[in-house]
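One structure, as structure tokens, below. Some questions next.
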Amino acid sequence: MQVNEYKPLIVAFCCNWCSYAGADLAGNNRLNYPADVKIIRVPCSCRVNPMFILRAFQRGADGVILCGCHPGDCHYTSGNYYTRRRMALLFSMLDYLGIEKERTRVEWVSAAEGAKFAATMNDFVETVAALGENKRLEDLRCKK
Amino acid sequence: MSQKNDRAKEQILKMSGVNPLKCMRCGKCSGTCPSYDEMEYHPHQFVYMVETGEIDKLMQSPSIYKCLSCFACVDRCPRGVEPAKLVEAVRLTVIRQKGMNHMTADSIPALLDDDLPQQAIVSAMRKYSK
Amino acid sequence: MKVSYFPGCTLRTKAKELDFYARKCLEKLDVEPIEPDNWQCCGGVFVSAKDEIASKLSSVRALKSAKEAGMPLVTVCSACHNVIKQTNYCMQNDADFANKVNLYMAQDGGEFTPYNGETEVLHFLELLRDKVGFDKVKAAVVKPLTGRKIAAYYGCLLLRPNKVMAFDNPENPTIMEDFIRALGAEPVVYAMRNECCGGYVVTDDPESSAKKSAAVTENAMNAGADTVMTACPLCKYNLSKNGGAPVVYFTELMAEAFGLKEEQHVTEE
Amino acid sequence: MKRIGVFVCHCGTNIAGTVDVKAVAEAMKHEPGVVFSTDYQYMCSQAGQEMIKAAVKEHRLDGIVVCSCSPRMHEATFRKTAAAAGLNSYMVEIANIREQCSWVHKEMPIGTEKAIILAKAAVAKVSLNAPLTPGESPVTKRALVIGGGIAGIQTALDIADAGFPVDIVETKPTIGGKMAQLDKTFPTLDCAACILTPKMVDVAQNEKIRIFSYSEVTDVKGFVGNFDVTIKRKARYVNETLCTGCGACTEKCPMKKVPNEFNLGMDNRHAVYIPFAQAVPKVATIDPNHCLMLKSGKCGLCSKVCGAGAIDYKAKDEFLEERYGAIVVATGFNPISMEKFDEFAYAQSKDVITSLELERLMNAAGPTGGTLLRPSDHQHPHTIVFVQCVGSRCEACAEKGKEYCSKICCMYTAKHAMLIRDKYPDTDVYVFYIDVRTPGKNFDEFYRRAVEEYGVHYIKGMVGKVTPENGVLKVQGSDLIDNRQLHIDADLVVLAAAIEPDKSARPLATMLTASMDTNDFFTEAHPKLRPVESPTAGVFLSGTCQGPKDIPETVSQAGAAASKVIGLLCKDKLLGNPCVAHSDEMMCNGCSTCEKVCPYGAITYEDKEFRMPDRTTKVRRVAKVNEAVCQGCGACTVACMSGAMDLKGFMNKQIMAEVDAICK
């Protein structure tokens, strides 16, 4: 679909109970989204350390998205609330550092929302692709 | 399906924003339509015939002037299909053609009675002519 | 409270009493109606086609002027309300449409700011319910319409499409009934109150609208109504022509209950 | 350096159709640590697993990466394979190249490229894996069933039959649920009460079953094998053990005009009441909203007439705390509100009713004693119109009804139509339908009998408007086959209202951390292979809380849920999740941050002696994780400021390695 050849690199952290299952459901229903999205499974969205996100951007990721259970539905009762608060802080700090807010996102996707997962990924990839490459935090020593 | 008119179909779908494939053929639109008996083709047939591309038949039918735009079919449709918008799009496709106005300014004086509100005339001109 | 007040053409001609009593009552309720400068006819009916732009510009201009004045836009006539509210919805939700409209409007000259559906559109009844409060309406009543059995006729324009109008429950609305109760009369609930009177089709096929209007009034009378109340000049026309019930505007009833009717009369020109 | 083996699965063409599996296997050979890499048709098959075992031995592997379907599908399978080959079962990582790759991408080069990256990430992770041993926890051999309808009743009976104690918590004063309100059941037309009430009595008499009626679950803590549940026993102002159910109080109660819920408000009950004759437990309940004594302190008649002295106006809500090994959810359904469908005039006319109301009108114990009379004037209706799919199969964004098919309406409508024509042959019965859906044993035959033998008029179309006028319901609808609009003057209109999960289900799901779909139905662990288990271990599903179902399906699911519960309660010990948090004492500074974020209270602090480099000892406060309580969410690992806390199986360095592999 993309006119230019530029393919963004997207890292998606998905919680095991809702969003990873939602991604599986998108697969079961054969709902397409770009292959630029690479999923890392974590037990809960609150397992995602800000360091992981910084590392991803240093290593040349163009966008990072966190997916967790809907508020109130966390398998661990309250993990996604921590995520929401932590990421609000982190994302505004990243924005200050020049990583645009559009490159980072937290989205709630339940195990039943395969369609939402695919739609979210399509939208996120499109948004990040429109911004172009992330160079701001990229660690040049990591570059091949 | 000899009377397929794909060009008009595409135009009508675009103009109305309606997706006739959402229709599950329950017939609630035609069950609710207050103008049903005046129409040759009924709301559910508009949906079906637009989908199959039989637009020409619809364009030639007086049914397109019978819709009251009361939107009962739109609100009561369980699938959000909005048949009234299809009727409107077919009618506009007709009256936007040259010389196809269903009502002209000349015919208005005959309509006037003392109480008829302007609103009716303005609306009619908008619905029946370009 | 000040509101931007869109009367519409019919209220300037055939439906003067709808407008006249509306203003009288607003005065009593401490609401100041301010007419937008140079408003134009809303077009009478909303054309749902997405590519119909020019005919909706007059509505957008009224909306934009209300936005600039920082006031909600209040309409009295059901038809104006439907057209303006639907147009505003398109401005909010159809980016392509809004863009095209703004391009047109930019050619109006002067300093241009785009409009994207920011204005709140209120029907007069919504103004009474949500901003003034029916309690206050009730308190202003000096001659309660006790004993009157009034059938509210909603028609289509105020209620549908519900997704856009969000006026009341489209199948079991209560706003007019609550209004009638506030005036001291007894509301008559009947099933046909949200069915179409035949509308503008009267110009093309009077028989069709006669049939529909007759069914409405018959249902209201059978339910025990002595009066039918409406907000729309065209509904009033159709229903009065085709049924035995007296049809009055809601503003007229309100003026009556407020004790404003005897003192003031619409001057016929 | 680890010795890693990579196994790429074709999954028939499921993966191989979009991913060049040979290229993936080849590419992985060059990854650091990989000493063996291959592909195979079906890795999860016996032969595939044998291949893995053989490779472990031959190549002395100590880490395995399987590139296959989702770990939610076969992670457990391959862990067992690893264990059988003598490896620690946690030395396995799965690269999900089916659900998250081949099934969502279309082009082979793109799919292959992504599969290689996902495989690299898995290799990077597994090279940092450490062997893990799960802890053990005991199993409390008692089950909780939430909901006392036919689903809950059947589940409880089956569990009790296997010898385990069961508690039923029911919010209403009696068990029985919706089935107790039904008249006859399709497709055999046996009377609902005749088959249900004996089961209710069985429950009451079963020594293994306790019934907490008029009660609610208010809190759930713990996990599979050991759930700590708080049950609120609402004050019923009648002592359950003393009450004999004689009904003397009910007869004397002066408050007689309370709408009777059991008959859906179509008649009245007293403020002190027993819902119906066969109620279990058969004890009275005082409705505090209507009781004069409770509201104003003036009355006390029921207390005077009660020979057993069971009335207690001072009763208070009580809270019980119980421990259970397993929980079964059986919260059932309700018909949706007809508020947004008033084109059918439900709010305007008493003679427009829902199908459940019709059940009560036709029931011998109902408000009319089983004679079909219309509610407005108690006359016999001669023309009856049934409307199907009211609120079912509605588009989601229409926000009026439900997107799904409610499943039971076609059959119960055929039943109603048939019963009416049988009992009152002078009645004309019309059924407006969109589709008639009859998949079930003897279902279509039943529907055809309604048409062919009983002369029910089935009309393909939908009703658009019902107008009550002069005592008649004017029904306007479409007949799509005849291509005309019909106008029928009906005496009674019956709406087949969509069904929705009970409102108590959503808060309960939150308490249980069990997942729900967008319609508030509980989701099953696997839609096909684990239909009665929730994804949350130890929580099972029975009946319509999982999706619309008729009685036979509900009963079979109830039995299936019971057998799963029995399977769990039979175990003495459960293996826990070894992926738990662990604190590095040397780094911990005892700040208490982790303790505050832990949702399970699994972290405590202890003062511990440390030897310092200068050979002195120093006492420091350090965090300690209770591995039996920790559920492994990882909240503490991120909160920890000194970096002491880490999560086994999802260690910081493992996830970092995955990030690096993906971003290379």
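Quick notes on this structure:
Labels A, B, C and D are assigned to the chains in the order they are written; within every chain, residues are numbered from 1.
Following the convention adopted for this analysis, contacts are C-beta pairs under 8 Å (C-beta built on N, C-alpha and C of every residue); 3 or more make two chains touch, one makes a residue touch a chain.
The structure presented is a predicted model; accordingly, all values stated were derived computationally and were not measured.
The interface with the greater number of C-beta contacts, when B-D is set against C-D, is B-D. The most central chain, judged by the distance from its Cα centroid to the centroid of all protein Cα atoms shown, is D. Annotation: 46 Å between the Cα-based centres of chain B and chain D. Averaging Cα coordinates per chain places chain A and chain C 48 Å apart.
Touching of two or more other chains is recorded for residues 343, 465 of chain D. Residue positions 72 of chain B are each in touch with at least two other chains. Taken residue by residue, chain C touches two or more other chains at 195, whereas all remaining positions touch fewer. Checking each pair of chains for touch leaves A-D, B-C, B-D, C-D. Within the complex formed with chain D, the chain B residues making contact are 22, 24-33, 36-37, 42, 44-45, 72, 76-80.
Every residue of chain D that touches chain B in the complex is listed here, in rising order: 343, 389, 393-395, 397-398, 400-401, 432, 434, 460-465, 476-480, 483, 485.
By the touch rule above, chain C contacts chain B in their complex via residues 8-10, 13-15, 41, 43-52, 55, 77, 79, 156, 159-162, 170, 195-196, 198-205, 208, 212, 233-234, 236-237, 240-241. Chain contact summary for the complex, chain D toward chain C: residues 339-343, 345, 347-348, 465-470. If you check the complex, the residues on chain A that touch chain D are 9, 11, 17-18, 20-21, 23-24, 26-28, 30-33, 35, 38-44, 46-52, 55-56, 59-61, 69, 72-79, 82, 86, 110-113, 118, 142, 144.
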